[in-house]
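Just below is one structure, and these are the notes that go with it.
For clarity, chains are labelled A, B, C, D and E in written order, and residue numbers in each chain start from 1.
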Amino acid sequence: MTDLPRIDWPTLVVFMPLMGAMLAFVCPRQAAGLGLVAVLSTAAAVAALVLEVLAQGAVVTRLGNWGAPLGIDLRADGLSTLLLAMTAGVGIFVSLGALDSYAPMRADARTRRYFWPLWLLLLTGLNGAFLSTDIFNLYVMLEVIALAAVGLTVLSGRREAVRAGLEYMYASILGALLFLMGVGFVYLELGRLDFAGLIAAEPAPALTAAVALMIAGLLLKSALFPLHFWLPGAHANATAPASALLSGLVVKVSLYIFLRLTQYMPLPDELLVTLMGALGAAAILWGGIQALRAERLKLLVAWSTVVQIGLIFVAFARAGQLGLVESWKAAALLILAHAVAKAAMFLAAGRIKDEVGHDRIRDLDRSHIRPTLAQFTFALSAISLIGLPPSLGFAGKWMLMEGAMAAGYWHWIAVTMIGTLLSVAYFSRVLAGFLRFDRLRTPVGEHQGWALADAAPLILALSALGLGLAAAPILAFMEIGYPFGTTP
Amino acid sequence: MILDILALTLIALGAAFFVAGTIGLLRFPDTLCRLHALTKADGLGMGLTCLGVTLLAGSAGEIARILLIWFFVAASSAICGHLIARHVRRATDTEER
Amino acid sequence: MSSGMIFGLTGLAIFTIGLFGALVMVEPLRRVLALKLCSVGGGFMLVVAAWRAPPEVADPVPHALVITGIVVMISATAVALALIRRLHTLEHDSDD
Amino acid sequence: MADPLLIFDALLGVALIALAIAVLVVRDRFAMIVLFIIFGLMTALAWVRLSAPDVALAEAAIGTGLAGALMLKTLHHIRAAPAAPVPVSVGVVFANMGFCAMVFVGLAIAFMATSLEAPGLAPQVAQNIDASGVAHPVTAVLLNFRAYDTLMEVVVLLAAIIAVWMIERGIEQAPARHLGEIYRGFARLALPAIVVIGTYLLWVGAYAPGGAFQGGAALAAVGLLLLLSGLYRPQPAHRPIARLGFVLGIAVFASVALLVASGGRLPFEYPPAHAKTLILLIEGVVTISIAVTLAALFHGREPEAIPVSETRA
Amino acid sequence: MSTALSITLIVILLSILGGLIRILRGPSPAERMLAAQLFGTASVAMLLILSHLMAMPALLDVALVFALLAAVTLVCFVVLAEEERR
């Protein structure tokens, strides 16, 4: 603890959206304004935290000054801060998109009234989860996120959305409870719950059980292949900004926790690691096929999330048990790339649906109105998701394959290539429709709505492309505070 | 010592009433009879148990709380018996009509 | 055999029964109840972890965690039940 | 001869497992809920046997009482739905049964192999309890050592009530309920008694089992009784108060946590001289919030808003 | 003394477990509720005895909450059942 009077940024990063959520809930009429202010000020706090981390390495806050096993510490190292920054960045643009999407003429007052508190609570949970160093605290954060996310899923109030939301709720409660049981086993064996305790622990049967339970819960929450059943419905039926948040950010939390836990509590068996990779490969194939068959644009985008999660798990698997640091980083990079690009893509898909009036892929090229900018955005984010240079997705995939080649894991390279080809195939279904604009010889229709709504996803998509060029500094930043393989 | 034995007897008697209540609940033919068996049994069983535990209690605060519990259980048991009986009577009324 | 052992195994059994219910049941209410069983099983594990061998004083930290878990679970239950009611209303209305 | 209390424990364990199975297999849905409530009661007994009275209190009041009431309400709402719409194929059932049996065996082996020798955090709690401001260890953990968790748990409640208000819509006017004179008399007697008990639980939490959650749950029971008996009808005009009630606890809790962080202290680091006062303040407002939120969760729908229940009692 | 009390506890537990049959068999909700009422009261009795056996006066508070909760659930049941008939 320093004697200098300094503002404790990690705490503020969690508390600011919380305060915003309460204000937005108490004053429903001003919800949008208050919400935007809260998101922006949270982003400012994150920026300050980034600077602090750059200047002095990992930032640790001992809440209540009790210290780790008894109290709870917040810790912002490179990886956490990077994900916080990702959340803040995506959050700002999704908020801007939502401002338009839920504008008074498009959505009822109810939607507007509830979107902002729920989204800010979600942001609280996300930030809290990224900063947490205590597995029980992670459980609570997962529940904050889950409830807010379910709320966002059913925002439209339509029947399909409610049904998908209920399915999502079951999956996410069960995932959280598996995690809780794992926490119970950890306490049984170790008598403490902080990350430092996990790292210091000797292997024991109870810990193996704990790892198995927690990983099962996280896999369910992150929708790895056979456990993905809830995802497409939930993500495809939510309103566009909500889908962007769900697909871009919410799924990432469980991936992030998974990344952390497998660092601190290595999987007991190489076989399990390979199994996870195999499931990832299956997700790539199955998700790809489903995306090829999807009839609606948003459903296609949702299935593409399943594919991308599979890819991230392939990256995990490639790490083997000795934590080849390169591939953890590849996974983190892919998480980042997917968050930015998928948020942009969902927002763009939402814009297309708004303007054209439907999102049947087959008929997209027959509309009178051409939402050019949204289509352009969609194409840009597809580039990142497919993994073409210079996008961030490319950088992630490249690291993955480079590592795999170095270790001689050729089968993972083959899987990655097949996944790439599949994603080219299903995205080209949409993009081809965009290009064949002259099927109806009508003048290009006028734009409805506000330029900001197109600008927000466009900026996101552009940054997904552009960040690929900055992959090296991002990787360097990620390593601040040694998140990979060393004690915190 | 005598106090202990007295308390034990009271508690055992209370337990016996609980057993009787269960048997009544299982064996009696219709809802109202079962209700009758039950409220008598758990009223008395609870009362005797409370009395027994009071004899064993260490401090005045504990005794006060035990009495409060007894009072609360008795009141809620009575009102619940009443409500259920009412419910049953109304239900049979509607059936007969 | 000790109380901790007995209730630890009980908790595990309840958890697995709940897991089974959550996987197999189709009725919405029963699925929620199955999840609640799971949460009670998890609670058992933590309470047993607090109890240890014949305790002078039980470890208060897991107790606090279980209380937190209970409150979290009632929130989740309430939301799930609200979804069930809403879904029922929607489907019921569309049937008419 | 074995300790008879151990036999009691074993019986209780078997009863719990039997109840858990019964909850899942019993045909009648009402019986299912009743069995679940009883399961909760027995769970609380088991936790008492494990010397966890705080947890037993919370489980009985929140996990069983309120959850049971919620279930009954939901069952009442969806009673038109068929009891078991889609039968699952026997093969799936057996496959899952086998899987779950494997999970159980695996976990049981891991559990039996654990020595339970880790010291846990009890010594540290005991060491720091004097600095925490309260004498009861569980309250100290909840409101001081791990206050951040507790704050987030109240946030989960807030998220739940926001989600519930959003999910359930429509202005469905509940019919008036008449429960007769005796019930009214009971209510007149019981409601203040419950308020007293709730306050007592809150107050006693400083040095004995009890505290904000248990007290809040007891007060929420008052809200439930008021709502059920029609003595209180939520009005749309009460919504702002209700909203304030929901966020009050978090707002005060979070503000205190941040405001103490001046003069070289960290967030949540209460100055030792004022720790007791601050914790009592936080507990008080959190209790109110919990009570209002739980009652509102029971009520559901937004337009007819929620009482600050205690004032009407 | 404590052995005798423990045996009493076991007797009460066994007796209420017998009551389970009534819940499973029904037939009407009212009967199930009656059995639940018996469970509630018996649990309170068990808690009272346990509070002496385990020397934990705090269990009296738990018993108090049990008693309260039984009443609330019952009122909930009756009210909802009344509404249903209308």
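Some notes on this structure:
Operating definition for what follows: contacts are C-beta pairs under 8 Å (C-beta built on N, C-alpha and C of every residue); 3 or more make two chains touch, one makes a residue touch a chain.
Everything numeric in this text was worked out from a predicted model, so none of it was measured.
Counted as hops between touching chains, the shortest connection from subunit C to subunit E is 2.
Looking at contact counts per chain pair, the maximum sits at C-D. Centroid distances built from C-alpha atoms place B farthest away from subunit A.
If you average the CA atoms of subunit B and of subunit C, the two centres end up 30 Å from each other. As a whole-number value, the distance joining the C-alpha centres of subunit A and subunit E reads 47 Å. Distance between subunit B and subunit E, defined via averaged C-alpha coordinates, is recorded as 10 Å. Centre to centre, using the average C-alpha position, subunit B and subunit D are separated by 27 Å.
Counting only residues that touch two or more partner chains, subunit E has 33, 35, 61, 64, 68, 71, 75, 78, 82. Each of the following residues of subunit C touches two or more other chains: 15, 18-19, 28, 39, 48-49, 59, 61-62, 65, 68, 72, 75-76, 79, 83-84, 86. Residue positions of subunit D with contacts to 2 or more other chains are 5, 12, 49, 51, 73, 107, 111, 116, 120-121, 125, 145-146, 149, 153, 156, 159-160, 163, 167, 169, 179, 183, 190.
Listed by chain label, the pairs that touch are A-C, A-D, B-D, B-E, C-D, D-E.
Interface residues of subunit E, counted against subunit B in their complex, comprise 1, 4-5, 8, 11-12, 15-16, 18-19, 21-22, 28, 30-31, 33-35, 37-38, 41-42, 44-45, 48-49, 51-52, 57, 60-61, 63-64, 67-68, 70-71, 74-75, 78, 81-82, 85.
Those residues of subunit A lying in contact with subunit C across their complex are 70, 136, 139-140, 143, 146-147, 150-151, 154, 157, 159, 162-163, 165-166, 169-170, 173-174, 176-178, 180-181, 183-185, 187-188, 191.
Interface residues of subunit D facing subunit E in the complex, by the touch rule stated above, are 3-5, 7-8, 11-12, 15, 18-19, 22, 26, 28, 30-31, 34-35, 37-38, 41-42, 44-45, 48-49, 51, 53, 56-57, 60-61, 64-65, 68-69, 72-73, 76, 79, 174-175, 177, 179, 183, 190, 194, 197, 201, 204, 208-210, 214, 218, 221, 224-225, 228-229.
Note for the complex: subunit D touches subunit A at residues 106-107, 109-111, 113-114, 116, 118-121, 124-125, 128, 144-149, 152-153, 155-156, 158-160, 162-163, 165-167, 169, 240, 243-244, 246-247, 250-251, 254, 257-258, 261-270. Contact residues of subunit C toward subunit A in the complex are 15, 18-19, 22, 28, 31, 35, 38-39, 41-42, 45-46, 48-49, 59, 61-62, 65, 68-69, 72, 75-76, 79-80, 83-84, 86-87, 90-91, 94.
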